[in-house]
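Several structures are given next for inspection.
In the two assemblies presented below, subunit A is common to both, partnered first by subunit B and then by subunit C.
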Partner chain A sequence: MTPTTPSLRPLSCCKALLRQTGLQKPAARSMTTYFNKPQAAFHKKLMRQEEPRKVIKVIAPPPSTRKVYKEPLKDVTEAQLAILDPTGSRTNLFSKTNTDAAKVGDILLVRLKNGDPFAGVCINIRRRGIDTGILLRNELTRVGVEMWFKIYSPNVEGVEVVQRKEKRARRARLTYMRKPKHDIGSVQNIVLAYQKSRGAIRGRADDGPVGHENKGGKRKVKGKK
Partner chain B sequence: MAPKLAVSWAQLPPSFLLPDTLLPLVARRGVKYGWSTADRRRKPNRFNQVTAGLPQLTQSPAAALERKAKTLPLRTGALAIKKGMTAIYDPETGIRTPATVVQMDRVQVVSHKTREKNGYFAVQMGAGWKHFDNVPRPLLGHFTGNGVSPKRHVVEFRVKDESGLLKIGQAVGPEWFLEGQFVDTRSNCRGMGFEGGMKRHGFKGQPASHGNSLAHRLMGSSGPSQGGGSRVHPGKKMPGNMGGQQVTVQAVKVLKVDAEKGILVLNGCIAGPKGCVVKIQDSLKKPWPVVLEGQLEEVKEAVQATA
Partner chain C sequence: MIQLKTMLNCIDNSGAAVVECAKVMKMHRGAKIGDRIIVVVQKQRNFTDTGKGTSVGTSAANKVRRGDVRHAVVVRTAKKYQRPDGSVVKFDDNACVLINKAGEPIGTRLNGVVGVELRKMKWSKILSLAPMHL
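Now for the complex of A and B:
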């Protein structure tokens, strides 16, 4: 670097001066302590913490359907039952509170809208609201037959109790009746006797026999209404 | 550091009155290199591209939206809670139809998503109620700003255009859906946890005997070795977490609508356990339902009259 001649650049002397002052600055700083006024932004931040939080207005909720109608499933079922079982006779026949209700072990006769009536020992009652069903067991053409019936189905015209079990069954499901030792076989004779007695009371015997032993299960019975 | 002007900023007139040359140098996106039809000083809008008479791009947000528009419903959907299953009998024919009961509770429009702001049209729906103590402040402000009470469930339903944007704060009940119309339901299915290959993917497992030991339910081989690549291919079905993901059931018929009780009865089953949140929207694979003008108001008036 060539030395600058002051005659050519008179202000170049300032450069050296400025450099010196620059070097002196840190030394001066170390010797003194500054008191700065708290900075405006920092002060504001401090103040903000002391301020209470702005309360957000909360809007009240609209009325709730869920609170009023807590069991929609029950509501739907009841609306269905009002149509399917207006008298409540179907509910009553299999209700747990009714002492005269049909129970497992009873021989039941189910009349259908489209098809032959079916009789058998009730070995299971499945209570599921609108889907409540019964399982009947009988013997047709020497073959054990079990049929599920939904008691609220419009296809089921009626359920009659043919014979009650003498002693209350101590099981909820009488699946043991499928074993040869306990199987009561065909209930046809009992049902026929029942229908005869009913016919005698009514003065007519047009109900027709149920489940002929030597006929196919689905064959139409002569003399049926 | 940017070079400072000799004059103090306080003495200068406001920046928008100054000529461009006096303003500090700030890099502007996409102006320096190439060209743009957009206004130089305007903030670029990524959703509404102005193409100055040029052919529309096939790969752009706008083009993507146009493609998607064909498969977007016209109306918003609604949120419901699954309550369980039952059956509906037809008294004439005696036909039994299995049905799912869902209940709608305080469903309201919370806000909108618009093309200008968000790039698509959607309606944000809220359902239920949540105590404001349990709602974070930003979200509480969002609800209050829109004039809606804090909601437990908040979900977006996409719609085709702005005509599908319901008024903010409007309540939507089950009468929003018509009896006999078809809907799509979306809900999270029951979570099964970590499950093996047999349950998760229907693998056959291994034989019970013939020298098999402790490997009856294992997945077996996960692929060929050297020559076959000696690696497991991506996407190989393996044991892992099963269930708990969203399942859509399409074209579910609406059997019954009870506006007073907030009940909607749907045909068949939908995914998820009882109490799960179900998103219901008009079915994509069936014609859109025809809602007559003033039909919804009539139902609402009838409900108010009975209540």
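Now for the complex of A and C:
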């Protein structure tokens, strides 16, 4: 071979070497160990052909609650409404789809099982399913009082619409009524007038005692406007 | 939620008109309806005032003067107060009734609505004096 320039690849000779050793690989692959015939039982285990299949107990997954109760809150509300409002009248009174519903801005009278009846302008209806509440504002002895009532509470015996607002209020929450400019003040007169008219109708219909329903005021109305 | 420096209306005929809370006699920051507080009288009620209807005149005997330190019971709070049946009460102002150390009201008449929580807190005397309770 003609002498070449000094190689720029110093490890080039190793490649040839490796190629040679690579030739030995198949030889190594074909190397075998001596095969001793295994014992009978061992052979069986190895082959696993005659042994019956071991049945692993698979326990079925528990019934999925999610599939049965797709909307749990709705179900709970319905269950509770069945107890607290079986006729559905209370729900209907505050239902959005009912045209004759009690709306924000109306004057409502709430009769309770324990306590005096409370009347006032409805300034807020908070809809939360079974926890739906209404906020009534009234003025008692020249002090403004606001009360929240849960409409489905067992303590609430009845809710009546004393006076409807002629025009629909342009807001859902009438908190502006707390300001003196818009404050209606006492609702007492309106409630008394309503109860009188109701009492009169009742009197004509039943011929029973008139005036027993008039438990609104402790003092006489002196034409306060 | 009456606490230190809160101004309350005094709704009895003891002579005070506006009082300032100085201490809440409970281990809480704020006093609710029916709680006892210590107040300092800030404004005296006009004695010659003979208003029609609801305001009451003061008797000469138990006049309370400006700067007097007295005990009082909170009867109305502007902070919402929740009841066990889920209803919530809120008055438009804070009001109290002056009492002596024993718990008897100093004034003889009350003027205005009070909260019914007084019954539970055993202030039945004040509740009976009140013209209206809610």
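Definition applied: the second predicted complex is superposed on the first by the 140 of 225 C-alpha atoms of A that agree within 3 Å, B and C clash if a C-alpha of one lies under 4 Å from a C-alpha of the other, contacts with A are read in each partner's own complex, and residues count from 1 in each chain.
The rule is short, and it goes like this: a contact is a pair of C-beta atoms (placed from the backbone, for glycine too) under 8 Å apart; a residue touches a chain by one contact, two chains touch by 3 or more.
Bear in mind the structure is a predicted one, so any value in this text is a computation, not a measurement.
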Chain touching more of subunit A, residue-wise (subunit B, subunit C): B
Subunit B versus subunit C as contact partner of A:M147, first or second or both or neither: second
Touched partner set for A:Y194, first subunit B, second subunit C, both or neither: neither
Contacts of A:D116 with subunit B and subunit C, given as first, second, both or neither: second
Partner chain in contact with A:F94 - subunit B first, subunit C second, else both or neither: neither
Subunit B versus subunit C as contact partner of A:L73, first or second or both or neither: first
Partner chain(s) touched by A:G129 [first = subunit B, second = subunit C, both, neither]: first
Subunit A positions touched by subunit B in one structure and by subunit C in the second: 114, 131, 150, 153-155
Contact set on subunit B toward subunit A in their complex: 81, 83-84, 86-94, 96, 99, 101, 103-106, 108, 128-129, 132, 137, 140-141, 143-144, 147-150, 171, 173, 256, 258, 260-263, 265
Interfacial residue positions of subunit A with respect to subunit C in the complex: 114-116, 118, 131, 133, 140-150, 153-155, 178, 218
In the complex with subunit B, residue positions of subunit A that touch it: 56-66, 68-69, 72-73, 75-77, 80, 83-84, 113-114, 129-131, 150, 152-155
Touching residues on subunit C, where the partner in the complex is subunit A: 54, 76, 80, 85-93, 95, 111-113, 116, 131-132, 134
